[in-house]
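Two complexes are shown next, each including chain A; its partner changes from chain B in the first to chain C in the second.
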Partner chain A sequence: MSTAESLPALRRLPALGAPFAAGLVLILLWEGLARLPGAEVLLAGPWDVALWLRENAGLMGRALAVTGAEAAAGFVLGNLAAVALALLAFALPRAERLIAALALLVFCLPLVATGPILRVLYGPGPGPQITLAALAVYYTTFVPLLVGLRAAPATWFDMVASYGRGHVAALIHVRLFAALPYLVAGLQIAAPAAFLGAMVGEFTGAERGMGVLTIRALRALDVEATWALATVAALVSIAVYAAIGRAGRRLLNAPPPVLLAPPSAARGPSPGRLLLRAGLAGAVALALWWGAMEAFDLNRFFAKRPGDVWAFLVTRPEAGAHRAELFGALGETLALAVPGYLAGLALGAALAVGLTLAPRAASLAMPVAVTLRAVPIVTTAPLIVLLMGRGPAGTIALVAVMIFFPVFVACLHGLARAPGQVLDVFDSYAAGPVQRLLHAQLPAMLPAFFASARMSLPAAMLAVTVVEWLATGRGVGALMALSASLSDYAMLWSAVVVVALATVAGHALLGAAEGRVLARYAGEQLR
Partner chain B sequence: MTDRHLSLSRRRVLALGGAATGAAALGLPARLAAHDGTPVTLQLSWLHSVQFAGSYIAKARGIWHGEGLDVSLAPGGPNAPVEPPVVSGRALVGVSAADYTAAAVAQGAPFRIIGVAMQKNPFAIASLPANPVNAPADMMGKRIGMALANMPVLEALCTLNDVDIDRIEIVPTQYSAAPLLAGEVDCLLCWATDLPVAMAVQGVESVTMLMADHGYALHSQTYIATDESLRERRAQLVGLLRGEAMGWEAYRADLDAAVDLTLEMFPDAGLDPEAQRLQAERQVPLMFSELTDAHGFGWFTEETVARNIETLAVLGRDVSADLWDRSILEEVHAG
Partner chain C sequence: MPAEPGPPGIRCEGIAKRFEGPAGTLEAVAPLDLDFAGGRTTALVGPSGCGKSTLLRMIAGLEAPSAGTVRIGGETPAEVRTRAGLAVGFQDPSLLPWRTVQGNVALALKLARRRADPKAIERLLTLVGLEGFGTTRPGALSGGMRQRAAIARCLVTEPELLLLDEPFGAVDELTRRQLAHDLPRLWEARGTTTLFVTHSVTEAVLISDRVLVLSPRPARVVADIPVTLERPRAEGVELTPAFAELAEAVSAALARGAAEAGPKGLAAQ
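After this line comes the complex of A and B, so read on.
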């Protein structure tokens, strides 16, 4: 009996060995990097980090409890909000585009603008940290969910219809199940984002937590503490990521269905209709902006209303100078954000594809990928700047690092959505892995890829502005930070508006490309 | 006043050890220390550290309770500007600096400076002994690491000392000493009380040139309040500043106790005892002067204000002496 039971465990040993070896390789690489000349003031090796953690276990434990609780609360609230928004968008199909547009706009709000407002609203305590963690995750769950709610074969809907049931029944019986794998991807992406959101939330004036310790350690040149904090943040994120993945695999034992959808014949909406839609979304956004600030009675000194921004950029005598300064900075920012974004997309998709072709590498690549996303940018920025210099290359690399992770995870899930029946056909013709990839897996990946490209747009803008704020001191990120420190809140809010508009414009461009590609490869997404 | 409050405060006083004798020395009966007070918030400009130890003393030793105040000390942070909570009334008083306050007033905030904790501005140029910056002219031909947000500060220093700023290479960096140690820059624009202290604790000796010694006269760690508070909450402002004055005098009298109290009150802040002690020492000459010895903590005069206005003009800020209001301090130090 006992031998029989231990046999499967023995068989599992090699499976455990691979991640173990991968971990060892990573640790050796890390130690090697830490020994580079000049790195000693920027990077501590694993050995020093372990020593520091042992000596400061109590301090770290308490900080982890604080930040972990904030991140967990934000994770739950943000993802609940995402599910609610996605369901609302489906219950009210006419409002879907509006809801998606507003969700995007709120996600675009930079921390420099929201931090002080949240702190004034909540006062002392964890309110801003939890809110910022929730804000960091809801969009990356909402977007894949919207995709997933459509990722069901047309025949299933026909069946629901043939029983005389309607929209709601289709949502409950078909769409929710179809969306589950996408929800799992969203939750996995959310894990490190929530943790980072909580840490950065502590920058708005918190008494304790890992964000507080990080600021302190960076200023005190305490390299061991800095990297010990980053290590713990990364380990927590990896653990949560793995746990969600495991739970997802338990939950999702159904093989992915074959999605047969005729190529969409519907032409896109007319330009007039598009303009009307954009106008409506803009009007609702302005009303919400104004209404929220009035409802909370936020002081006009720092909570600028739409009218204040309009005056600052258009009607005041100095408006021309304001515009020149703002758009100059925006130009600098976009020149770095766009290449970084494209590099991140390419990197994420390429890594996912590479892992599909060489699955053994996954145990090595996965922890690196989660780590890169989970280590706070304030910790990595100086190191990447040291390696790549203070020129554009460093900023572009940081942006790519910040966004490749959601793309990678989404693409990995997308590739796994290639239906077994279709793959069987390839196998029966003895087609090689490359053929399978090109003709079955890549098309299955496309909806997820575009979803991740959409949610990475605001993430790229956030990343580039954070790097500008912390490391390079140029562009719109630095302008926002400077404006906040000089109480120039009209400039700050103008920058927020312009950054949001640029993101929305990028979104629209991407949407057009997506429409064309998906009309051919994933018609179900356009219904 | 209930027994619960009394015993709580007694326990706290006992736990603080030295603080108990301090309270006695200040002539505060324990009864007063246990008083429930009007809740007010003091918005600090940075994370908790010995930078605000005078406030901690005022709180822990019950000085503010004696003034009828229950003061919350709200920490700041990299993304926690002081002005919004003060303008919105969430904080009664904020810890700011003359240049930030002038900028906020230019944007329409109704602030006044009601006291000055740092008589001498803490901004400094830090360098390494092998390649030192001892005077502003030494910066020429060197690379300086700084946050670009501090450009006006460097420009002002150069203007005040006839230094050609075009001959300094400016490298935008994070606020950290790492670029100096990594050899990316030759000097740093920073506070004399933080990055040089961090280097000293890491065993790196550095040279600091205090900008205040080279014409950069700008009040720092200033207490700001709104006009409305000055009209309607005067008693609270007087109580708050009296606590600050007494707390900081106690700080000066016993730095060790101040450091111990800070470490004890904020065990989760990751404070290094050695760095806190060193910072505490380096703050003293910035905060106390012949002027404060003669008139009391936080004091300012027409002359010091006039010198601030000159520096602000070099920084491109046009302000009048009305930005400062000494009436609260006068009540505090009248006894």
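After this line comes the complex of A and C, so read on.
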């Protein structure tokens, strides 16, 4: 709740001045680049984009209305689900781990493959887009909310108890209010994510909307339309992000915290216990999957059950070939996703650290980065492909950009969270900025860094599969696209399962690394 | 058990508290037998970390004793809390930051399932020197002002038992004296039984009818000193020889407690 206090630099700035100036610089730079000779095959400048938008205002307006409505519906449904899940996990502390694990698993589903599956399950209509938008948002609200419900000091609960009141009164009078800033933070991140989810849903076979226009523009190599669509998507996302932030500040009388996730569990349980838990979560997930398919009595041709995927990948005679195809594609994908992801992490953290040594620059960079974080990067995938070609560099760059902003923002906030009094102590010994950084600020940054690293893992997979789907024609994203167009649903479901499991495994790996690093360098962050 | 008429006395029989931690067991309060007469004000003084807050929390029933029982006018702490018969002033003011000062005070009434009376709240705020700050949020108050708002919250439900844990810790000397003068009048008039933790010997003598001096952890009673000064305390009573003698006795008892605890002294805490 003390973000305002911990970010004096942010507060001193006139709220809009810096982003506005930075935006202007960006626009000028962009126009300048677009006017370079030969750039017109790749780059449409702001002027061309504006002209295109004027000519196609009606088309764009209708598409925006469609996608916006889908995103809004997904936003509402996803966040309602997040609130319900968080309250459920809070009310049933024994089931909390299980609920959180299932929530993570669902969040790790590759939207690119979930889209076509949902399309055959739902039939025509906006159902898949709305579901994908909801899937893209619920987790980033669920996690902070669960933290927020516990984010009150113990004496507040003692105070309630001292008047003879119990858990319900504590929930109503303390927890819900204490969780509000966290809810706002979640909602803020959710707004661009919902737009992104809706567009990805449209990529996978809708009739109308900005995603459909994007695909058409890309196929036709229509540079102006591609840039115009990405610009509108970015502007809408930034606007909604800013509007929610503003409403939040009004409501809370303070800027919402930029908390992404709690540190993963302290000195974790034994590996045996972890396996047991993972096994339990997996079993419940399988049961839910099977139960849902059976309950709606869905056609086995496209609504595969766990057994079908098992047969496809393990027991059928051709299973070996299936495995080779799927894991080969996954390998190609990871070969791009991992370097991009690591580059994004490294750049985000390094730039944040670099900027703390130059606090003036940090106070400028922060609002710009916070704003750019709202850009649904994947919607700019076609641009990156246009700019950098269909080779590995373009894909890696996109993943890195996708990861960079959340990590950078989280790290800056983490660095700023080093308690003022601690920094004062350092100052009183005239310690240099490097010492402050090493002993006070880096330990404060690490938890935020890891939290954002974990949360952006699915985003990295989303970015890479979208580029593969739309552009490069390689890797698991392209395999999903192909399987969807060939109605090879067994492969599609298998890809969903394998990618989700790989993402969850990466998440677990990061959690383990996080536990070790934090135990060593930031012990007080683990409780 | 039925409540006895009149202000409730407190009876602690063999209460003790041990905390199990990673470094082993920590004995915060050794088995203690304590009696506090109804309608009286008792000051608890003792070195930092000796278990004063823990004792207070056990009496309020917020912390379960490891052994022993607490009875307040014959009832358990839980029974007293259920009818909002007690109020605790916590060492940290624990105001809810999203509520105004008024809102925080009104919350106590709401939790006690009583009607909020804006006039009464305003009167209390004036008494603790917060007039005009009713609509301010705690974030915009100084540490001492927050503590005074917390005191107002304790008083607004007119409890039979008031448990105050260093309520004036962050209040400036002048206001502190003013409060030490005004507040006891209020709870005396209502016949409230009050336990009051403080680090200030002067304040202990000024406010209470009795001073209990506790030893370093685990807390034992080193001295039980009745304060015989006239009530309400006269202006300038601090300058009288009788007052000085009492304060001297309390200070000496504190020193004795520390000496008996041996050379481990501060390190033991």
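The rule we apply is simple: the second predicted complex is superposed on the first by the 333 of 527 C-alpha atoms of A that agree within 3 Å, B and C clash if a C-alpha of one lies under 4 Å from a C-alpha of the other, contacts with A are read in each partner's own complex, and residues count from 1 in each chain.
Here is the rule we use: a contact is a pair of C-beta atoms (placed from the backbone, for glycine too) under 8 Å apart; a residue touches a chain by one contact, two chains touch by 3 or more.
Given the structure is predicted, the values throughout are model-derived calculations rather than measurements.
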{"item": "Partner chain(s) touched by A:28 [first = chain B, second = chain C, both, neither]", "value": "neither"}
{"item": "Contacts of A:92 with chain B and chain C, given as first, second, both or neither", "value": "neither"}
{"item": "Contact breadth on chain A, by residue count: chain C or chain B", "value": "B"}
{"item": "Which superposed partner A:508 touches (first chain B, second chain C, both, neither)", "value": "neither"}
{"item": "Which superposed partner A:390 touches (first chain B, second chain C, both, neither)", "value": "first"}
{"item": "Chain B versus chain C as contact partner of A:111, first or second or both or neither", "value": "first"}
{"item": "Shared chain A surface residues [contacts with chain B and with chain C]", "value": "none"}
{"item": "Chain C-facing residues of chain A, complex", "value": "1, 153, 155-156, 158-165, 169, 173-174, 177, 180, 252-254"}
{"item": "Chain A - residues contacting chain B, complex", "value": "38, 41-42, 59, 62-63, 66, 111-112, 115-117, 119-120, 123-124, 200, 202-209, 212-213, 215-222, 225, 298-299, 301-302, 378, 381-382, 386, 390, 470-474, 478, 481-482, 484-490"}
{"item": "Complex contact set, residues of chain B against chain A", "value": "41, 47-48, 72, 74-81, 83-85, 87-88, 90, 100, 103-104, 106-109, 147-149, 171-178, 181-184, 194-195, 198-199, 201-202, 266-272, 275"}
{"item": "In the complex with chain A, residue positions of chain C that touch it", "value": "57, 60, 62, 78, 80-84, 86-88, 90, 92, 94, 96-98, 107-108, 110-112, 137, 139, 157"}
